Amino acid sequence: MSDQDDSGRKVDNSSDKEKEVILDLSRENRTGLAEAIFCEAKQPNQLVEICEQIKREERSMLFTRMGQAQYAYLEERFSGLVQYDPVSKTGIVAPQEIRSESQIAIVTGGSSDIPVAREASRTLEFYGQPSLNIDDVGVAGLWRLLDRLDELSVKKIIICIAGMDAALPTVLGGLIPSSIIAVPTSIGYGMARDGETALRALLVSCAPGLTVVNIDNGYGAACAAIRILNSF
Amino acid sequence: MSDQDDSGRKVDNSSDKEKEVILDLSRENRTGLAEAIFCEAKQPNQLVEICEQIKREERSMLFTRMGQAQYAYLEERFSGLVQYDPVSKTGIVAPQEIRSESQIAIVTGGSSDIPVAREASRTLEFYGQPSLNIDDVGVAGLWRLLDRLDELSVKKIIICIAGMDAALPTVLGGLIPSSIIAVPTSIGYGMARDGETALRALLVSCAPGLTVVNIDNGYGAACAAIRILNSF
Amino acid sequence: MSDQDDSGRKVDNSSDKEKEVILDLSRENRTGLAEAIFCEAKQPNQLVEICEQIKREERSMLFTRMGQAQYAYLEERFSGLVQYDPVSKTGIVAPQEIRSESQIAIVTGGSSDIPVAREASRTLEFYGQPSLNIDDVGVAGLWRLLDRLDELSVKKIIICIAGMDAALPTVLGGLIPSSIIAVPTSIGYGMARDGETALRALLVSCAPGLTVVNIDNGYGAACAAIRILNSF
Amino acid sequence: MSDQDDSGRKVDNSSDKEKEVILDLSRENRTGLAEAIFCEAKQPNQLVEICEQIKREERSMLFTRMGQAQYAYLEERFSGLVQYDPVSKTGIVAPQEIRSESQIAIVTGGSSDIPVAREASRTLEFYGQPSLNIDDVGVAGLWRLLDRLDELSVKKIIICIAGMDAALPTVLGGLIPSSIIAVPTSIGYGMARDGETALRALLVSCAPGLTVVNIDNGYGAACAAIRILNSF
Amino acid sequence: MSDQDDSGRKVDNSSDKEKEVILDLSRENRTGLAEAIFCEAKQPNQLVEICEQIKREERSMLFTRMGQAQYAYLEERFSGLVQYDPVSKTGIVAPQEIRSESQIAIVTGGSSDIPVAREASRTLEFYGQPSLNIDDVGVAGLWRLLDRLDELSVKKIIICIAGMDAALPTVLGGLIPSSIIAVPTSIGYGMARDGETALRALLVSCAPGLTVVNIDNGYGAACAAIRILNSF
Amino acid sequence: MSDQDDSGRKVDNSSDKEKEVILDLSRENRTGLAEAIFCEAKQPNQLVEICEQIKREERSMLFTRMGQAQYAYLEERFSGLVQYDPVSKTGIVAPQEIRSESQIAIVTGGSSDIPVAREASRTLEFYGQPSLNIDDVGVAGLWRLLDRLDELSVKKIIICIAGMDAALPTVLGGLIPSSIIAVPTSIGYGMARDGETALRALLVSCAPGLTVVNIDNGYGAACAAIRILNSF
Amino acid sequence: MSDQDDSGRKVDNSSDKEKEVILDLSRENRTGLAEAIFCEAKQPNQLVEICEQIKREERSMLFTRMGQAQYAYLEERFSGLVQYDPVSKTGIVAPQEIRSESQIAIVTGGSSDIPVAREASRTLEFYGQPSLNIDDVGVAGLWRLLDRLDELSVKKIIICIAGMDAALPTVLGGLIPSSIIAVPTSIGYGMARDGETALRALLVSCAPGLTVVNIDNGYGAACAAIRILNSF
Amino acid sequence: MSDQDDSGRKVDNSSDKEKEVILDLSRENRTGLAEAIFCEAKQPNQLVEICEQIKREERSMLFTRMGQAQYAYLEERFSGLVQYDPVSKTGIVAPQEIRSESQIAIVTGGSSDIPVAREASRTLEFYGQPSLNIDDVGVAGLWRLLDRLDELSVKKIIICIAGMDAALPTVLGGLIPSSIIAVPTSIGYGMARDGETALRALLVSCAPGLTVVNIDNGYGAACAAIRILNSF
């Protein structure tokens, strides 16, 4: 523990460095969702520690919000362990086998929403779930969406990702009966306010039965989809 | 001045009761828009004072946000002077002649938006402008809007009124070339936050060229339309 | 149209009174969700108009946020048509047959959340879905929740309703694999800010895969559950 | 699709790289407004893809919020294709012929508002509309505005751009009859809050008939002007 | 103390009823400003207690935000003691002699701002300061203000009161050299947000040297003026 | 269950009326704090149900935010059971014996903060803790506070209650070594924003070691004090 | 005009480069306050243009928020013209003669507030007004303030600068009769929210007669002081 | 004073450089808490000045939010004087002797909260108080917390640190009787809003008797703990 290192003073401190990160490895048994590692505030040594445990126990793992530098640091030490995707900033170790036909579509309003969409599809992939990805079909050009309605209406779950005013999930919600998980994104400027307007618009949507997750939370939307699929 | 009445003390106070409300009667000449009386915070005696001036000078006048009680108070004293509409809470004195064919449509997302729509149509009526009113065509049932597109696309200006997530003006903006003045309304609960979410969603709309006015401001939208029509 | 009534002036106005409310009757075919009538801003005559159409066409209907006075007004005119519940402020006309065993549980953190919970259970009932209701099991007394875990973990969907800091769905999300639809409520004071804190806490929950609907939106949570059940 | 690249796993994924950006090329026919490319979150390869399509189909195009580095990247590959302006951060390909006398004035409150003003004038230029630009006439020095009133009052549309408290459009709105599209800017510090105060002040302006667009949205204001001009 | 009354239990409680309100009677000596009684949350018995002390000690006193019912309650018990003004909701006991010529003007943007203006003029009157009151000269009709500039520019202090976008103090600040104390008011709807927009617009005003007080705080503006006058 | 009553339809609903409110009676054993009943959103029948259980089990109980009407309803049915205090809106059943000398002082900035102070002192009384109450010693008249410093500095815990800018706890925090629990109140208008400004000012106080509870939460502050006393 | 440069197309554009910045040179005559140049968003060429005009017309000038790089750029071209202070980020050209004894004190709560204090003292210096500067006397150590009260109470105007909870101006306001202009600063973290909490606390201060300017606006506070001094 | 340096003009300025930072050295006597130096906005020369005084007077000192560069600057000049910890960004000079057995536990919800926890433990260490540190026991994996309950329940004070929805202190508050000081952290994204959601959730926690400090304020929580321990 660093406190001791630089002060040289004895303190009653039961947490030592290797216990700083406690992996909740039994969570998957309880909830069907393995723990994922949110990398944004993690120090390199914390990530190394986690990878050592993964390797030792031959476990699978999903990393989210992993920066290119974090990945490079790990790749140097654990070559080939982590499959990294720079668009979604996700790393995957030992994903599950693809189980079935795709039951999930991931739809974006604009091409700027793609990183969030890929975080969702990568999370699904980690759980062995393929997905249909349809990008850039925002409602300002309504025919782009209507062209794809047939494909979408046969999916059980739509993860619908949109920034700015996020009108896409609402329009979709009035057209198809599937479960719709809406993800607001931080795309936009001025009163878009880092996605808060998109989020609020989705929460008060005039289309009934939409559910919403946090801004830019592709990972959470995919987990919600996995919860649905696991229950049936 | 009431200060003097209850204190009995002389103060250097040049504003006396009949000067409290200064009608800006030359404004119409400058801007093409006559002054309207916003009644919400007006005392009955202030309204009486205004009506006396109107009658004396044989002027026309528009009253907005006029409560039923305020109207009744005036009607008792100036029988028949003010034409009152309780839905829009507007009162009209001596409106202009209907000048022309309707160049403006007023569209609402839900039937709860109708009072705001009527404030707009009554303001237009005051300026001699007829309007086409189409209600309850929100995007959660998209066909309701598509059914009316032909009628809408021949109008020069659409005043589009919607609450909650206010997706209607965005969808409309992607379908027709007309000028669109969007009015967010305070309809909705929870994160609708008295219309602020609708307003923000409109400001960051993915459909280009929408303009926006204040929440529930049917009067302002109509004035903006009059400015356009007066310039051509 | 009232504009014409009190002004006596001819306007080009194609919307007449009986068209003010356009029932989107085909919506159920498209989305599996019938239109519900949000009564909060509806005038009595608008509700009467809707009931006449329901009766004429022998349709089923769900009314939400219906005040006691609104119900009384309708009951006087259409005796026995609407089954009213004052706790949830819902009215039901001709609900579907109960189809199956309950697949949904509705859980509340405190007894003050019950009106929202009942709005959800009444909406489910309207669609023929029974539900298990467990009230007042907030995490400040954790054993109350742990006592009911066995009952909860066999349900496919949990609608979890909580105000204040809304910690209940998060704790539940770490314990069971079901789909969890969280509903923040406006219970609390000070920084609870009418449910906004509960909502925000749910959106950033450390338990993965929760989905969220608007504050106090029991109806929306039930519709989201119906979307899931309809897809499988 | 990058998902496949770094995982080597087969997924049911119908979106491939060249479909990530779907140009809505028929939009201009419907709305009179061609699609513009918002460059802020675009990857270089996405912009290259778009330029290739433009060149292949000999189309015109407007790019907004294009950084100097993005422009340099394109200029290297498509020399001379894009006419770039670093002040407004706009790029233009094959603009329309200048059609007519200027019907639009663009006015700024301070010299810091000029980038937004130029985004508006460049957008108008793209559509063949010349504009009169008057800068730095904020109301703290009222005579600067009054000096230019004659020039302004003959224009059909005023795009009025102001930051901080944004009093300029209000004062202008009381002096001239033209259509006024107000653009709040993010100029200012402290409670200016990145333009939100300017926006809110404009929405509640005491001058009737102002319309407003998003903060710093010179592009949107110009599009709104085009909608007006196209309708007459 | 009521705690004791209804519990009958002895507590170590040194505060008894007559000490609940401690008048800070020496404050005027220190600061030149006597304490005023903010009546909004005061119980009738607390006000009676204060009046008894005033009468006993033959003191002067200013009451702000005093409701009509509170006044009536006191008038019944202390007939003629308090000079009440219902517009400003102020009560005055034994004001100072009018000392001098008016050095202060109080200006309002609209007639709805008059109650706040009167709170300011009544506070000044309490301190023996006459004021010039000019109402309803908002900038939407600029000539109304320009007509009164000569009168205003000879005053040392202008208390300038405006709601909505509060552009009046800014315009005035660019025209005259006097000290300007701006008071935002809660007049307006929608994004006026109970005066917060007016306040924020004043704080970021492009006219240098304006100072601002809380929303609707006519009393505070007058006290600030007294501080200035007392220093010279 | 009311659902069954008005629909007559069988639902799988295990919660029946007498289970709606689950008293967490073992909580005091775990935490030293008995459950209190927050009455604000409680129905009369829910309160009756609770009182019946209290009487049957001869328990003690604290009710907070109990309205006069709620008390009257209970008093009629359980005469003398609840000791009610209308200032603090608290009801007490069978409080603990006063254990000791007072170790806690409760200090308010203004006389309008007294209801919150009394909620704290009543909660302490319920737990057998006497308190010293000092009211109306806000920092605008600093000597009022300095006069009482000797009394305050011998107390182990100060509950310090202040609205508006809440400067009192900060000043106190720089003068005495005791534990200070600060309670912001909703007193004030304009930018006081229902106590949010007081809360935020306390959280960023320049005096170290203050702790804060929710706005107007006298009950919570007293509970925090009990936690401290119970630990020593 | 750059539009023409990179497009080569003729536009009706009456604003050319040298008119982009219009110095409002007659403002000082009207208001006693010369125009200051807010440098934050200014391009180097705009500043050069201004300096050329200053030199040509032998004028005095105040620059605020001037970055070190902006100063260096000007110093290279106009050596010795601008007197720069890096703490306050102000530049001065040809200030007025020191007129009189200091009538103004500038007081800070903490040493982090000094840059704002120096912006105020430099602005005063520009207008020939000396000031007494007292730093780091925040109320958490009350004696530091009380030690300086005698010096402060003889000044006519106190500019009082404080961040975090900004309790200093309130305490000062209860102790001395001078005019107090309070400047909130952006010092602090968490709920300090870039000075908004300090600002709001000052606006609702329990000490009467404080006036407030924008966050970190030392310049504005000094201008307000100049307005006061100019009037007497 | 730098004002004089670059202007060469004499001003009445009694604050000179060495008085800019006034150490409040008697504060510990009054409050039991020595002054700490908040380094975030401090200039290097201000820190050097402080260290010189510390060395001269052989004092102890705590520095918070000290950047690595600030430390390096001081270490070069005062080698070995400051014991620095880069995780918590704290520097300590001459801490007190460890007095006793640990009475305080510091608990974090996730490993990203560790820097805040270390700021708290380092502050306690400065005052001679050892602490038990338990990390990464958030409620999404409830067993991790339950495993440590025995250790926690014997501590008098728990400093409980959590970001995102901050459910940990609430759950803990329902399980143990100790005093709980909750510290929200800025961990999370989207609607976490830099810790404001965690803060608000803690303030409205359904567990009674939690107290809260500012976001990321480990130092403040430790000071609050010292206040408690000093009182007993």
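Letters A, B, C, D, E, F, G and H mark the chains as written, and numbering starts fresh at 1 in each.
The criterion applied here is as follows: contacts are C-beta pairs under 8 Å (C-beta built on N, C-alpha and C of every residue); 3 or more make two chains touch, one makes a residue touch a chain.
On a predicted model such as this, the values are computed, not experimentally measured, just so you know.
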In the chain contact graph, what is the shortest path length, in steps, from chain A to chain H?
1
Contact distance in steps, from chain B to chain F
2
In steps of 5 degrees, what rotation angle do you get fitting chain E onto chain F on the CA atoms?
90
Among the chain pairs A-H, C-H or D-E, which one reproduces the interface of B-C, with more than half of its contact pairs identical by residue number?
A-H
Please identify the chain with the largest separation between its CA centroid and the CA centroid of chain F.
D
So, what's the distance in Å between the C-alpha centres of chain G and chain D?
33
How far is the middle of chain A from the middle of chain G, if each middle is the mean of its Cα atoms, in Å?
47
Whole-Å gap between the CA centroids of chain E and chain G:
29
For chain F, residues that touch 2 or more chains besides their own
27, 140-141, 173-175, 189-192, 199, 203-204, 208, 214-215
Listing of all chain pairs that touch each other, if any do
A-B, A-C, A-D, A-H, B-C, B-D, B-E, C-F, C-H, D-E, D-G, E-F, E-G, F-G, F-H, G-H
For chain G, which residues count as touching chain E in their complex?
27, 30-33, 36, 156-157, 173-181, 199, 203-204, 208-215, 219-220, 223-224, 226-228, 230-232
In the complex with chain A, residue positions of chain D that touch it:
1-3, 6-15, 19-22, 24, 26-27, 35, 38, 40-42, 46, 65, 186, 194-196, 199, 214-217
Which residues of chain H touch chain C in their complex?
109-110, 138-142, 164-167, 170-171, 173-175, 188-193, 197-198, 200-208
Inside the complex, what are the residues of chain E that reach chain B?
83-88, 92, 95, 98, 101-102, 111-112, 114, 118, 121-122, 125, 130-137, 140-141, 143-144, 151, 187, 189-192
